[in-house]
Amino acid sequence: MGIHEECGVFGLYSESRRELAHQVYYGLYSLQHRGQESAGIAVCDDGVINYHKDKGLVSEVFTSEVLSSLPEGNIAVGHVRYSTTGGNRVRNAQPIVVNHQKGRMAIAHNGNLSNAAALRTDLELSGAIFHTTSDTEIIAYIITRKRLRLPSIEDAVSAAMEEIEGAYSLVIMSPSKLIAARDPYGFRPLCFGILPDGEYAVASESCAITAIGGKFIRDLEPGEMLVFSKEGVTSRKEHCGKRPARMCVFEYIYFARPDSVIDGVSVHSARLRAGEILADACPADADVVIGVPDSGLDAALGFSRRSGIPYGIGLIKNRYIGRTFIAPTGRDNKVMIKLSVLRETVEGKRIVLVDDSIVRGTTSRRIVSLLRDAGAKEIHFRVSAPPFLHPCYYGTDIDSEENLVACRHTTEETAELIGADSLGYLPVTELERLAGRKGLCTACFTGEYPTPVPVTQLKDRFEIKISHGSASAAE
Amino acid sequence: MGIHEECGVFGLYSESRRELAHQVYYGLYSLQHRGQESAGIAVCDDGVINYHKDKGLVSEVFTSEVLSSLPEGNIAVGHVRYSTTGGNRVRNAQPIVVNHQKGRMAIAHNGNLSNAAALRTDLELSGAIFHTTSDTEIIAYIITRKRLRLPSIEDAVSAAMEEIEGAYSLVIMSPSKLIAARDPYGFRPLCFGILPDGEYAVASESCAITAIGGKFIRDLEPGEMLVFSKEGVTSRKEHCGKRPARMCVFEYIYFARPDSVIDGVSVHSARLRAGEILADACPADADVVIGVPDSGLDAALGFSRRSGIPYGIGLIKNRYIGRTFIAPTGRDNKVMIKLSVLRETVEGKRIVLVDDSIVRGTTSRRIVSLLRDAGAKEIHFRVSAPPFLHPCYYGTDIDSEENLVACRHTTEETAELIGADSLGYLPVTELERLAGRKGLCTACFTGEYPTPVPVTQLKDRFEIKISHGSASAAE
Amino acid sequence: MGIHEECGVFGLYSESRRELAHQVYYGLYSLQHRGQESAGIAVCDDGVINYHKDKGLVSEVFTSEVLSSLPEGNIAVGHVRYSTTGGNRVRNAQPIVVNHQKGRMAIAHNGNLSNAAALRTDLELSGAIFHTTSDTEIIAYIITRKRLRLPSIEDAVSAAMEEIEGAYSLVIMSPSKLIAARDPYGFRPLCFGILPDGEYAVASESCAITAIGGKFIRDLEPGEMLVFSKEGVTSRKEHCGKRPARMCVFEYIYFARPDSVIDGVSVHSARLRAGEILADACPADADVVIGVPDSGLDAALGFSRRSGIPYGIGLIKNRYIGRTFIAPTGRDNKVMIKLSVLRETVEGKRIVLVDDSIVRGTTSRRIVSLLRDAGAKEIHFRVSAPPFLHPCYYGTDIDSEENLVACRHTTEETAELIGADSLGYLPVTELERLAGRKGLCTACFTGEYPTPVPVTQLKDRFEIKISHGSASAAE
Amino acid sequence: MGIHEECGVFGLYSESRRELAHQVYYGLYSLQHRGQESAGIAVCDDGVINYHKDKGLVSEVFTSEVLSSLPEGNIAVGHVRYSTTGGNRVRNAQPIVVNHQKGRMAIAHNGNLSNAAALRTDLELSGAIFHTTSDTEIIAYIITRKRLRLPSIEDAVSAAMEEIEGAYSLVIMSPSKLIAARDPYGFRPLCFGILPDGEYAVASESCAITAIGGKFIRDLEPGEMLVFSKEGVTSRKEHCGKRPARMCVFEYIYFARPDSVIDGVSVHSARLRAGEILADACPADADVVIGVPDSGLDAALGFSRRSGIPYGIGLIKNRYIGRTFIAPTGRDNKVMIKLSVLRETVEGKRIVLVDDSIVRGTTSRRIVSLLRDAGAKEIHFRVSAPPFLHPCYYGTDIDSEENLVACRHTTEETAELIGADSLGYLPVTELERLAGRKGLCTACFTGEYPTPVPVTQLKDRFEIKISHGSASAAE
């Protein structure tokens, strides 16, 4: 896959001082699929915020020694990040911890603002300086400025929500409170639950709460803010209903972990349904259905069940690819090294091959070629999503239109391009059936953007210039 | 799983000087499942052997910088290792490179000698000193001593094969030759093939040859030695047939990668057959069959196909567990963090759960408990291997008898212990059907050891003493 | 010594694009004595600023790989830092690089503002957020805000100099200019010169310019600002003469490198004079004069020359103490390991021992004891500075009054405390003779502070709280 | 200086089990000048030997964590190494720890065997394999083989001393004994003493014993062996007097630390005498005497005292050069960066410049040039050693004859070459006066080798071949 979610957020609130860093570690570990480039944890201990963040996987950034160096506390936030722009800079790692007039604050953010450039210009014109190129620093500034004139951090966050536009699932830690907020469209998931020892947990996905033994309570509503403090949990809904719900449908198709439940819908079930819909919409006469691991497996099973064509295991993935893997250069080696074919499954067979998306088509072509080399007789490629036709401004890095194969080619042309005997996409009209709900953002498939589309993006302003300067500027 | 293969070996022979280190890197990367503790590559360039080895995964040990520092050459050997004893010491990493009277030699070894202790004592009594505690240094010594009186390295290896007893798949590099040798029982796999540019490749498993674009030629016969040199490939079979073939059946069940073909048998097919055999031998009345990822999935699919009970995806594995992961302490957290249940698949269902083995029973109990918590109504545990009853002396670390649950409990007791509604093992009588062949070593299930069982083992002599001295003695 | 300078700054301006990072590296390396805790280099390449900074010595932070990753450019700044507070945090490393309304800016700063707390509060009240606890971020903010209403960066720096009070030697890089500014008191040194290839160099000390083959031109006057740009070098003196010159006399006594010349005075000569003054003011009847290496050696030689008592080498210092050295715990080991006595020099002798300062007295006592153990008959301790009686607010970490031995004890008591037969300090009245100039800050000896003394300091506000929270919070 | 000592050794014997690793750490730290490339410590705890060794300075190799991981014990040995050949390989680091028929043994060695090549060939012909290219492994083998037929380790060491020829100061640890042995020529120093808590300490130089608070007892005699065991200390002298004493005179001139006393002679005193002898033998009409830091300072002071010309501090050395320093490329930068001139001392002056040796002449020329640039009027170069004319086979890396400037040029030519107004060496006839003793090895000056000169050296056999293969082959 060439598409990445940008972030996962996690937060804990405990009534008493205790060891929280390990819990955050496991929470982030369960959200690792949402971002593998950097990780960070901040712990608030009696008003003092300590933190550590760095490039790498959760398990690389947090050695035993580092984790132990974080103190006990009663509030904590964590973040995993995939960096879409300008290399991978530790200075853009989160949580961002800032000092302002009322004390310290830590912010972890998933999503992209659609009015970031305008907000940043306004801030700069009033004397703000920026250490990073991320939206999160903009949010920190706006909250800080609101806070100067408002009696509480939650009032400041609510006031900030008036100004910021786009996708944001926020977890914010003040010296005494944990605040979770989801944008009024609800682009990105955000939920909360309770751990066995009574701590409240906030997470991008429910899997992070259940994985550490917690009980999922519910998703935040779009526009809702939750405040965890000595007074308990307070829900503030002044921004709810101001915008139509627009949950990213691609969370169900690809981003989220299959054991998560988002806004009441099981991700695994949605993917099984995607396979069933595909079997109805784009049937194929075949001997076996195989999925591209890992995210194509559920839909492949759904396709098999609906069509009655046997499910097979035809491709396996090498699990030892880490960040330090040296990718082969030259032709098709990369896919060969990461994916292997089970010849017994495909040789002499007519195959239905299910994957979750086609971006540029190069990966798909390589997989088809692998299967042909192993003796597949026919290959019917089925995609559990509609074709990508438009960029995303809400926190994922869907490629630019000139690179999206579906922008330049018909389905038939694409099939030929990737070498498949037939190609079928999930019909865009079936996305609500797939998700079992309404209120979805389908902009990358339909071009119907819920917000005004930004004319310039921050990454254009900062990152592109940098890229012709130098590849690396690590802190 | 608590059982590990000890090693994977890889070798390349090219007629001309070229960049070989990257090819070995990808070969070892495809053998990474056979050993994750250390990795090493040695390259022979015009008679001079350069090498690098260290603790860690292939992708960790070999950074771009390190890999580039290895020169071009015409012969190369590589090794991945799982260390069963005495911590994880870089000094036991392989290949072992030694200087002897005729020049340098590099050896990579998979297996365990059954007469190592006696051989070592003999060598010591004649003045040998040992830097490591591994069998491989013993083999190096014996070859060296034979070489003093014999005209060629291959004669020396052949003479050494008279003396060493047990499991060994060897890849040996002299200044001008690459030698591959498989013990007369053929305990461990070893095969060879040819790469697109004409290099010969030797590997523990065929997947390492095909993954880098090579063509698998054939397995070495038990007792066969192959010599790759300027004179081409020579097969020497003076040790063939001296012993009955005794290929480790657990390679088919668990160790090997499913896309490998060993002695003509596809590993994936063998595992599918295991599921089919189980469905016949230990049927269950259930709603869904699920496998424990990754190695239980093939057998689960076989069970489903044979029984007609639908195949489901019920457990998913977190892929981001690396060597640096901080395992949770306390109760059942470790499994919860690594494995997650897809509640939609199991809730309210009668489950057939297929795994490849039960060792102590603790992991199995935790998985059963996870499924119960997710609402499974009945759990019928099926194991695609017979019960473990005996230790292995041929290169795996099957636990001692006092820890093997099957040594102390009947199947019924074990079922109750792990919380399953029923438990069924693959009948030991069906192992040849599973593997589709004869000539298997089934000693861990049957106690029928092909060789005399060693009274003392080297690891008893060295490692146990060390363990009460100090945990770490890294070089 | 228990006293540290806080920082060294360095900057380069070239008319054309070229490799500057290595030159900065060597410049910083020559300023390493001014700060060993962190180092950083920023390079401006056609308006784009790339940088790297981290904890450690210059040679540790900048490996070949890191140094090569910095692009060519035409402006560069560098910084070495000693962190006086709150552990050693990479996030306080410099240069600080910020984005503001007019582009990016990098700032490197040596010194401490005396009105930092007030300025920070003002900024926070107008909505500023701070990522660090350093004065430098305050300066960056003020320049940024001035810049919004002023036509050039140099006008903004000049306007900022109206507001900031205390010690600052600044090197600032905008996308097209290099600016150097020294505070109107001239507390800290700052000078400039020209390199063999025509680049202008700005440095805390002249040694950094001459060490890389450059030609020292002159010191900046107190209050002066230099602007290096396409238009050449412009000197702006609107702040000159607004305050009396108050150059830190301890730069001459201890901080600066002996081969530097500051405001026209050779540091080595000043130290020789210190020894001569001591010989006059506190003579001793002795056989040999020895210095505590390294900074006591010059004054010891001066004492010897003036008194006619032979100069000897009596103490040697182990040069292999690095940052990672594990200091001995327990009694007097630390000094024993770092310093060794040459018994031949001291045995049976009456010694004049010259050191540059006594802070708490513990180190001095240990050195005296070492000499006694080696057979010294008499020890006459001479200090090439007056007694420390007051803290410093201008960029050094002279201990608090309760720890300064001279605040609690007479000279005679101190002599007894450290075990010396006699003790003599450089008379405070001779400081101008030592420095060969007027216009000195002698506040740590006299309590005559040139600026209002801050009531609270930033480090009280941030660091002390943190210290009881957790020792480490690395970014 | 371009000349390096190869090693320093250290050992401890305690009657009871205690924490020894830290003591060895400080001992090695005090011997760091004898080798900066690798370091190692082995501890014997009730017969079990644990060790750690790696590339780097003592303080880099032994972090707190690593040091703590070594167990308590009652015997320990340590080693620092400078690698003269073939890059810097961790596999050649010491102590070497081997398993042999009677248990484990750790060996640390300073020196070079002159019959290593012959011994190695013999061993190889009897079936030995070698993991390293160092002499030490040869010694280990010979001791091991002797041990097979002899009742004790000390008998085996004594028998080995019959066979090995050349320079060796050995510290050997068996499961129950510490053995120290010095070759019959006494090429390299070796002494012992007692620590405050009663442990016996063996060290290459007395400074390592006194630095950790111990009391120096005496040097080992040439040929002497000391055995530390439960039975106390035993001296065995069967090899004493078999060869004439031939202590390396360059230990006094350059290698050893000035606070060491070797065979009754203070190193500092010897160097002062070298300066006095020079002042008599090669007087100069000058204004000031300066030394090249650090090792030229003592002789400079001696010259000043004898001649009456004032001593000055004219050159200072940057102390922050670590292993990771990136040396400047191109002309004269390296010296400029490491050494700085104090212009006040040399400007307009006639200088006597004292250094300990001239090897190729390049460094000397650069220093002279630095002084000229700073305004020195005349430079009279004095060397506190005779000219190097011959290679060393006993453990130092004096350059080959074609590179030694004195082999190709007269003193007058050399003076001109390095740009000095005059040049004077210490007369070779005065070496015994310098050392205050007889029985010196002066082979590098005189060509009078105490042993037969080896025809081929091991490093020719192994290292040169490797150097054209690849620069790096790290373990």
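When the chains are written out, they are named A, B, C and D in that same order, and each has its own residue count from 1.
Criterion: a residue touches a chain if its C-beta (ideal position, glycine included) is under 8 Å from a C-beta of that chain, and two chains touch if they have at least 3 such contacts.
A quick note: this is a predicted structure, and the numbers were derived from the prediction, not measured.
*Asks:* Where the contacts of chain A and chain B overlap, which chains show up?
*Replies:* The common neighbours do not exist; no chain touches both.
*Asks:* Centre to centre, using CA atoms, which chain is the farthest one from chain B?
*Replies:* C
*Asks:* How many angstrom between the C-alpha centroids of chain D and chain B?
*Replies:* Those two chain centres are 47 Å apart.
*Asks:* Any idea how many Å lie between the Cα centroids of chain B and chain C?
*Replies:* For chain B versus chain C, the centre distance works out to 60 Å.
*Asks:* Which parts of chain D, given as residue numbers and ranges, touch two or more other chains?
*Replies:* Residue numbers touching two or more other chains: none in chain D.
*Asks:* Hey, which chains are touching each other here?
*Replies:* By the stated definition, chains touch in these pairs: A-B, A-C, B-D, C-D.
*Asks:* Which residues, counting only chain D, touch chain B once they are in their complex?
*Replies:* Chain D residues touching chain B: 45-54, 66, 69-71, 90, 96-101, 121, 124-131, 133, 140-141, 144-145, 148, 462, 465-466, 468-475.
*Asks:* Of all residues in chain A, which touch chain B in the complex?
*Replies:* Per the stated touch rule, the residues are 22, 25-26, 29-30, 32-33, 36, 57-60, 62-64, 67, 207, 210-213, 257-259, 266, 268-269, 272, 294, 297-298, 301, 305, 310-313, 316, 318-322, 324-326, 328, 333, 336-337, 340-345.
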